[in-house]
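Here's a structure for you.
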């Protein structure tokens, strides 16, 4: 267990030292190699994800679980697309299937949130108290600012909305950016010190435990 | 019919299948979702394998033996498929997390911590600068500090909360517009003059099919709440 | 059940249907209205316009199927703008989906180039392709391009591409144009290109992410931001190349109005019900 923790710490600290201090060429070259390895491992991780999903669907078909017929659709489309792509990722049919089947469905699924957000706004978005009121008024002004007809119906929303976005909202987000950057730095120190091992699947130690 | 037009029509059909989920889960929407994940899974599999082949396997073939280590680490990741071998996957994960965190931290200090603080040091000569300084300080305090809310700090906390609420309200307004743009983007292709009648025909067929399914009880009708 | 309760308990599919009509109507029957140019869009345009002829610029193409309708027209417009100004472009993407859409945008831009503008693959532009690893991939690319890529999107070895002669890290680039879409990746560009190498950068993001990046603009880390379909429409307008984005920007009118009406109605009904219940 110690070796993966040491790998994390050494890799991370080398990346940081390289940035702030002049390093020998051997160290810089080693860092370039490490980054290149991480890109390859990341690609492998995505392959792993698709394999895990495929195994899930194959098992569903094999065990005839609920709605297993749809899993056949998954398996057939996965195998067909993967085989075409393994031949060549520039294969015309491979790219056509991707552009004209997956892309429109993905765009449509992603756009479903427009309907849910409107329905939720009608049901739930209430000025129940001053906090909700601030949220409601700011979102109202900004949405009217963004749609061209808003500027015609209520001209003041443009300068007010622009000011809200640049200053109060900008200040709020700046606070969040500073806060999260401190959090990232704190997380890094904990991970490199071996105190946080969740990324290795190990629950954090409690104080007093070995 | 050329492949571009055929593609638009096919895209329109599958989009209607995806949108049919708004009425409630039905066989067409489930078919479309599984088709989507299957094709996308195959696409991701093939393109990432192509990357590994071009930038790792080919490097090894050209004599850069060090890339054998990268290939080995990638294969060790696949050990997650067998619970007894999961320990092997910790090595590539450890490397990825270490490098990623190191790269993020080393520039976060400058880019997101110091730069943002420097940008907040403004002369308090106009209302905008005042708002920016007070807003940043109080919002950061709200985010970070866990001091008991007493005395002056209570006002700092409340002020920070107002600025964060303003930020979330602005984001919500922008998000609503963004969601509409997503639908419009899809509808623009589905309602093109050369495609609109195919779209209308598909809509009629889907509506008829679903109506038949609901009437005969073959498809479950969900209440609208 | 009173009318107030009936309206509050309305089947949400009615709202979905109304939304469909509100969004489809202006596409079928376009209504053009005057539209101001937002300050961030103008800043992004002015920055891009000021890039010296002959410079090499790196472009992150982060648009997907969902976000291409919003950002695609703007990206196409900017590619035409840059190539027309003799600025060389090096593209890359951080996702497999984004990779394809970047190639689509390049192809669309090449079709729209004015006669006489040079746009040869490998000489005036190159699409490096997919770089995995998210921020780690960006850092690796910024520090040593050939450590993460051997061939471009079309399979051509980088060492045989004229434009890539002597180009192996961020120092070769005069600017960064980050078309991040909804990736949330603009901070990666700021952290891995702007801060370590001092290379100026503009960004494009979807409308919902604009407030997230205002602090970077205020701090001078981003030289402008193109936000969503409206930003794309504004860019098309500024380079005097009318395109699909303006129509889409106009189409948000009815949807936005419907949302506003529903929120007002919902609040009125809520307060009426609260009054009736003596709350």
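Lettered A, B and C in written order, each chain numbered from 1.
Keep this in mind: contacts are C-beta pairs under 8 Å (C-beta built on N, C-alpha and C of every residue); 3 or more make two chains touch, one makes a residue touch a chain.
Just so it is clear, the structure is predicted and the values come from calculations on it, not from any experiment.
Common neighbours of subunit A and subunit C (chains touching each): B. Sorting all chain pairs by how many C-beta pairs they have in contact places A-B at the top.
With chains reduced to the mean position of their C-alpha atoms, the one farthest from subunit B is C.
The distance from the centre of subunit B to the centre of subunit C, each centre being the mean of the chain's C-alpha atoms, comes to 15 Å.
Once the centre of each chain is set as its mean CA position, subunit A and subunit B turn out to be 5 Å apart.
Multi-chain contact residues, meaning those touching two or more other chains, occur in subunit A at positions 19, 33, 35-36, 38-40, 42-43, 46, 98-99, 102-104, 106-107, 110-111, 114-115, 118, 121, 136, 140, 143, 146-147, 165-166, 169-170, 173-174, 177.
The residues of subunit C that reach two or more other chains are 10, 12, 16, 19-20, 23, 66, 69, 96-97, 132-134, 136, 139, 148, 155, 196, 207, 210-212, 215, 218, 230, 252, 255-256, 259, listed in rising order.
Looking at subunit B, residues 22, 43-44, 47-48, 51, 55, 96, 99-100, 103-104, 107-108, 112, 116, 119, 132, 167, 170-171, 174-177, 179-180, 182-183, 185-186, 189 sit in touch with two or more other chains.
On the side of subunit B, the complex with subunit A involves touching residues 3, 6-8, 10-12, 14-15, 17-19, 21-22, 30-52, 55-56, 66-67, 69-71, 73-75, 77-78, 80-81, 86, 90-109, 112-113, 116-117, 119-120, 128, 131-144, 160-177, 179-180, 182-183, 185-186, 189. Of all residues in subunit B, those touching subunit C in their complex are 22-23, 43-44, 47-48, 51, 54-55, 58-59, 96, 99-100, 103-104, 107-108, 110-112, 115-116, 118-119, 132, 167, 170-171, 174-189, 191, 223-225. The part of subunit C that touches subunit A in the complex is made up of residues 8, 10, 12, 15-16, 19-20, 23, 33-36, 38-39, 64-66, 69, 96-97, 100, 104, 131-134, 136-137, 139-140, 143-144, 147-148, 154-155, 196, 207, 210-212, 214-215, 218, 230, 249-250, 252-253, 255-260, 262-263, 265-267, 270. For subunit A in complex with subunit B, the touching residues are 3-5, 7-16, 18-20, 33-55, 67, 70-71, 73-86, 89, 94, 96-115, 117-118, 121, 131, 134-143, 145-147, 161, 163-182, 184-185, 187-188, 191-192, 199-201. Interface of subunit C with subunit B (complex): residues 9-14, 16, 19-20, 23-24, 27-28, 66-70, 96-97, 99, 130, 132-136, 139, 148-151, 155, 182, 187, 190-192, 194-196, 206-212, 215, 218-221, 227-230, 244, 247-248, 251-252, 255-256, 259.
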